[in-house]
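Same chain, two partners: subunit A is paired with subunit B first, then with subunit C.
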Partner chain A sequence: MSRITAAPPAATDFEALHLRIVGEGPDWIREFRTNARSRFVLEGLPHHRMEAWRNTNIAPIVAGLFEPACSTPEISGGGEGVWTGRLSQAPEKILALVRNNLGSLADAEGHPFTALNGSLLNEITLVVLPEGCAAGEPVTIGHTAGPGNSLNVPRTLILAGERAIGTIIETFEGTETEGGYFTSAVTEIFCGKDTDVKYCRVQREAPGSFHIGRVQARVEQGGRLHTAGIALGAALDREDAGVILAGEGASCEMDGLFLTDESRHVDNRTRIVHAVPNCRSRQVYKGILSDRSTAVFVGRVIVRPGAQHTDADQSNPNLLLSDDTTVYTRPQLEIYADDVRCTHGATVGQLDADALFYLRSRGIDPDEAGRLLVKGFAGEILDRIEVPSLRTQLESEVAGKLPVTSGSEG
Partner chain B sequence: MLSVKNLKASIDGTEILKGINLDVKAGEVHAIMGPNGSGKSTLAQVIAGRDTYEVTEGSVTYMGKDLLELPPEERAREGIFLAFQYPVEIPGVNNTYFLKAALNAARKHQGLEELDAMDFLMLVREKMKIIQLDEELLHRPVNAGFSGGEKKRNEIFQMAVLDPKLAVLDETDSGLDIDALRTVAEGVNSLRGKDKAIVVVTHYQRLLEHIVPDYVHVLADGRVVRSGGRELALELEKEGYSWVEQQTAGPAETRG
Partner chain C sequence: MSDQIKLERNSEAAEQLANREYKYGFVTDIEADSAPPGLSEEIIRFISAKKEEPEFMLEFRLKAFRHWLTLEEPDWAFVNYPAIDYQQIVYYSAPKAQGDGPQSLDEVDPKLLETYAKLGIPLKEQEILAGVVAVDAVFDSVSVATTFKGKLEELGIVFCSFSEAVKEHPDLIRKYLGSVVPYTDNFFAALNAAVFTDGSFVYIPKGVRCPMELSTYFRINAANTGQFERTLIVADDDAYVSYLEGCTAPQRDENQLHAAVVELIAAENSTIKYSTVQNWYPGDENGVGGIYNFVTKRGKCAGANSKISWTQVETGSSITWKYPGCILQGDNSVGEFYSVALTNNCQQADTGTKMVHIGKNTRSTIISKGISAGRGQNTYRGLVKILKGADGARNYSQCDSMLLGDRCGAHTFPYLDVQNRTATVEHEASTSKIGEDQIFYCQQRGISAEDAVSMIVNGFCKEVFSELPMEFAVEAQKLLGISLEGSVG
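Take a look at the complex of A and B:
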């Protein structure tokens, strides 16, 4: 086997960038940045000899020369009773919540890019759904990346108190059409007892950009969390999504849809921890690949000792629209309890020839038949997004990205 | 309307149709019967344009056109409809959306104005009554999670909406209980007409009690071995297919 090597020297001195903003903000946030920087120094940049980075080569990020940019998130919606805003606008009561919770879910250990995000942290987007609050409208958070060589570190903290109900939509995009920028984003979601939280994350970064995202959530007793991760852009995209089901009766549904074309690469990692008995999790991550693109799905479900009556399903269907695409899919179940129900499955396939013929035999054009089938495939995920305006928008975005299929081969 | 001459077709090098001759005129109902593996479904699929079968010899003429030259979608727009033996489940594609796209593709091809949502809905409602299809199925993805009977009913419902000139029903009776069979048959009968033709492919005689054919053809080992009137179906019912196979000329090999 090849010798183990560290990552090549980076063009950007990521450690040194920290020093430029280390003095800004209150004491506790400076301390947070300093600790994150220590962690980043300890972790170093990952490389493909590490198991967690085996299928994703970050060389283009390592080779880039980046300048940190300030986060300027646009936050809207929520309605009565919901507190949304940036850290710089937060009153003392909210600040206390941030101090107590920031970084406690998205542990930087083993996550160098979470450490990088922390070491350069400048602005934080905050969504607080107080106890018993039912948000009247979805909260929308829009992150727009800086110029071509910018390093963006959006950070979001969502806190839902007991019985709170709300929907949060977080989008990532860039105005730079050429891309070239790098976004390393971290979002933490705390779902209290009996909460009902829906979180939709849309990654539509510019074509030549790099996106590394992390979402980490914790659901307490009786709480319900639905996440949808839609990945449409970036040259290289790595998304880690983790949920801890921490209280009995908690449940999470995680949906994912990734579309890749040209030579784009998307790497999805999910990690669900069933920490206590009687929790349910369901994951469906769907990939649509064309041209020479590659995708990775590694889904890990961990059932802790004593977490009896765990009910966990995971599936990763992939649709390959060209012969030159590659998909790596690996379900990983770690079960330390004996009375559980866990299923997983992955499929990799092309457009169904029988379905294509069926549609054509009814008079539908081969191209249109192919598009219908791909839209139908994506539709199973998009149909579960409950905000109609977002669902409609995503449907048309997805349709716009679909290649003209060679359905005539039917 | 349809003229099949010495049609030979094979799949992966195995010849299944070994020279079929068949003439269907407007207004007629033809039944094609035969044991499993005789080539009935292959004939239906070749007429609809399935390209997994390679036509090696012979011709199919439909309304004066060389049918084998046309891709499946054009055959459909020209008025050919195949009710599938195994209707395909298409998750995520809405039944109504699909049917509207299909109908308007045909209308456009025929130089007719495309139907808008309202007109389409009215048409659909009217046809649903004939087939007694549950309206709820309209809003579901095509055939996804339908029972066997619902799928077959949905085929005939599509046929009713698309109003084909030549309908080929491939084992539409299989998997139907007697009540569903009667409903489906009534639906088919309501679509009979002077300028239309129906080819019913079936293993059993029972569908033909409800859809009464003008002609019955018996297929065995890729050839039409007997043709006759409706009494031929009754004869088959009594004697079984072994009777036909014994009469089949040529090699004694039968396809399973």
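Take a look at the complex of A and C:
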């Protein structure tokens, strides 16, 4: 077992760990790990005095003792023409793609946990949608964390060629019901010209676990990307989601829903870069907080110089269901072009008293009325998930997590 | 003055200072009233002695200075500027006398005069503002102040310079100084507490409604106390005051640091309205020169049902970095912030507000309008914090940006921290430009493109201007027009 520290002595620990857990592997991946490790040492562990970590205290992670574990993702679906699998199963043609693209989007600079993921990298989950391919069924990637105090570093690479269409569902779970494990996950998504990619990420880690995730995507000309991030578990969850709209006419929609209870903490960061003109982005991140939980949302839209005719929306409504919750929300716009339409908004409040009264006047008891309203609030996000089976499942999971007393106190 | 310095300390540093003084030829009576550049305990003792302050003020300054030494200059704002050398700044400088400035209007930069003419400032005032007859201006404004002083005194209102207040009302100063912005607050507040030279003090007694708008328009400009002023306004129970701060005199100095502190205290049922029109010298088209306006302004709604309202129009300064805020401590207290910030050429502004809700049913409203032109960078940064006990707190924020030209930037960074579920917090922001069709429509009706832009921008800022007292509103509208000149082709 070893502590996660960025101090140089840990570097030698990592070396030993690689050999023991991962084995040598091909040269390029060894080099990738070594670079990531240097980067991790250079970055150091973040602390609350850094703007990006101001509201998230990673002390419990720093204090923990973790045993690095091998990733064992389960991959299914896809259908004809879609190549899915692990790095260890990949043919030479696919390997070349991985070599060229791995780490090129999820830059570790300024992201110590991306560096940590890279430095312990063992297995990579690959989804390749070749040019013009239309995946017949959604690709499902299931990551199950190792037992006990494991340190998991799942890594996923999604490559969509020109005009490819596909849906990818990535889930994170733990076997332990009360796991103290730590998952540091990185996913990179490349959307080529005129692609249509849907990516849904469901985090339902064990209650006592720590999850730090990163999704980084790039959308080329005319491509469309829809992401949905649903955070349901973990004691501490930090999600960094970034999209670069790199080709004209590209668009992305990002949906997020986070439910927190007990003393859980969820921190969502988004960063959309409009690098070229005529792109569109839309973000809706919704939070439902109860008990003593805290939530953070920091969303930034950057419109680079010359990215005219950008159309960007961002909103973060939060629902507070108990007296001891805290929410920090920072929707941010950074604009360097004049002919753009950008809006953002954030709201924090409790259930609408009028709506509750309306429902109760129709004979619905307060608890049920509250539940209905919260369900409606979450519904906006869940309704946009286009895979019926997943949507139904999430709806019942969300309903099961809603606090019962919400309405009577409102 | 040099004699005084030598008498007070014999250290090596003092000798250096004395030498430096010599080097720059501080020999005439006028120069005798300014300190050599640099910051040290000696300088602070010198300022305090110069101002004949009581012991507690010197202690306050020294404590602040020692604390300042432990601080690092913050860098989180969205602005860029070369590092400031705090040892190159002159911390005490008496009013610029005739010898310093131009002798007649003929010597004044014609660009400046053009600006005044457009502002509609009469010739006499133009002279004052240009610093041609600075001494007269001081004279003028003093007499103006004294005219009303009698009337104000009848009501028990204290309105005087900070130095005067320290001497005449030490108890009030001791009680309130640093109670809203303690010297430990931030880097620039600590610096200000150590070296501030003057400012204004206002005290409105219980139940008094100040019959006129109090203003520092002339005094500050004319006195040219410039860099480190400190304003303290106290409204006792049921009092009302409207205060205007005008910085409309363009300064010609290069990259001058202006680190002021403003503290407002509103007791039960009282109201303080604070309006600012800031038009410090913004630097030239290439960003050379201009004022660094790093100001800490904060009001405390200490009593129940009190209200503090900030209105600011920021068109000047090469860099503006300030967040007039309200601490809403009393139950049902109200905080308001109305702002127009304009950045043209190479100006940068990182401004907004802080609304800290502590009391029950506290309410705050934030309306911010940012206009960017040229290569200007305009950032709104505002904190709304609802503490756990602030049941029923309400906030509404609206931040609109307008971009003129494709090389400027407009940024919005709101911070909403909510710890109470009965609170309602809303933030909205939008970004827009002036439509070509809008300009075309105006031109069609014989309005020049420039006037059209000015008109549209003024419409965009209407919600804020309507909060300004009449004469300021008119001035602000004209100022916007002038500041935007040349930004639209």
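The rule is simple: the second predicted complex is superposed on the first by the 384 of 410 C-alpha atoms of A that agree within 3 Å, B and C clash if a C-alpha of one lies under 4 Å from a C-alpha of the other, contacts with A are read in each partner's own complex, and residues count from 1 in each chain.
Everything below uses one rule, namely that contacts are C-beta pairs under 8 Å (C-beta built on N, C-alpha and C of every residue); 3 or more make two chains touch, one makes a residue touch a chain.
All values reported here derive from a predicted model rather than from experimental measurement.
Participant: With everything superposed onto subunit A, say whether subunit B and subunit C fit together or clash.
Facilitator: fit
Participant: Touching A:H344, do we find subunit B (first), subunit C (second), both, or neither?
Facilitator: After superposing on A, A:H344 lies in contact with subunit C but is clear of subunit B.
Participant: For A:V41, is the partner it touches subunit B (first), subunit C (second), both, or none of the two (neither)?
Facilitator: A:V41: touches no partner chain.
Participant: Between subunit B and subunit C, which one contacts more residues of subunit A in the superposed model?
Facilitator: With both complexes superposed on chain A, more residues of subunit A are touched by C.
Participant: Going by the contact rule set out at the top, does A:L333 touch subunit B (first), subunit C (second), both, or neither?
Facilitator: second
Participant: Given the touch rule stated above, what does A:E380 touch, subunit B (first), subunit C (second), both, or neither?
Facilitator: first
Participant: Go through the superposed model and pick first if A:L359 touches only subunit B, second if only subunit C, both, or neither.
Facilitator: In the superposition, A:L359 contacts subunit B only.
Participant: Once chain A of both complexes is superposed, is A:L372 in touch with subunit B (first), subunit C (second), both, or neither?
Facilitator: first
Participant: Determine, under the contact definition given at the top, whether A:L97 touches first (subunit B), second (subunit C), both, or neither.
Facilitator: neither
Participant: Using only C-alpha centres after the superposition, what angle do subunit B and subunit C make about subunit A, to the nearest 10 degrees?
Facilitator: One gets 80 degrees for this angle.
Participant: Would you give the minimum C-alpha distance from subunit B to subunit C, in Å, for the three-chain superposition?
Facilitator: Value for subunit B versus subunit C, nearest C-alpha atoms: 14 Å.
Participant: Which residues of subunit A touch subunit C in their complex?
Facilitator: That would be residues 51, 305-306, 308, 318, 320-350 of subunit A.
Participant: Which residues of subunit A touch subunit B in the complex?
Facilitator: Those residues of subunit A that touch subunit B are 352-355, 357-366, 368-369, 372-373, 375-380, 383, 408, 410.
Participant: Give the list of subunit B residues in touch with subunit A in this complex.
Facilitator: Result: residues 48-52, 71-73, 75-77, 82, 84, 87-93, 98-99, 101-103, 105-106, 109, 141, 158, 162 of subunit B touch subunit A.
Participant: Help me check something: in the complex, which residues belonging to subunit C touch subunit A?
Facilitator: 76, 386, 388, 401, 403-433
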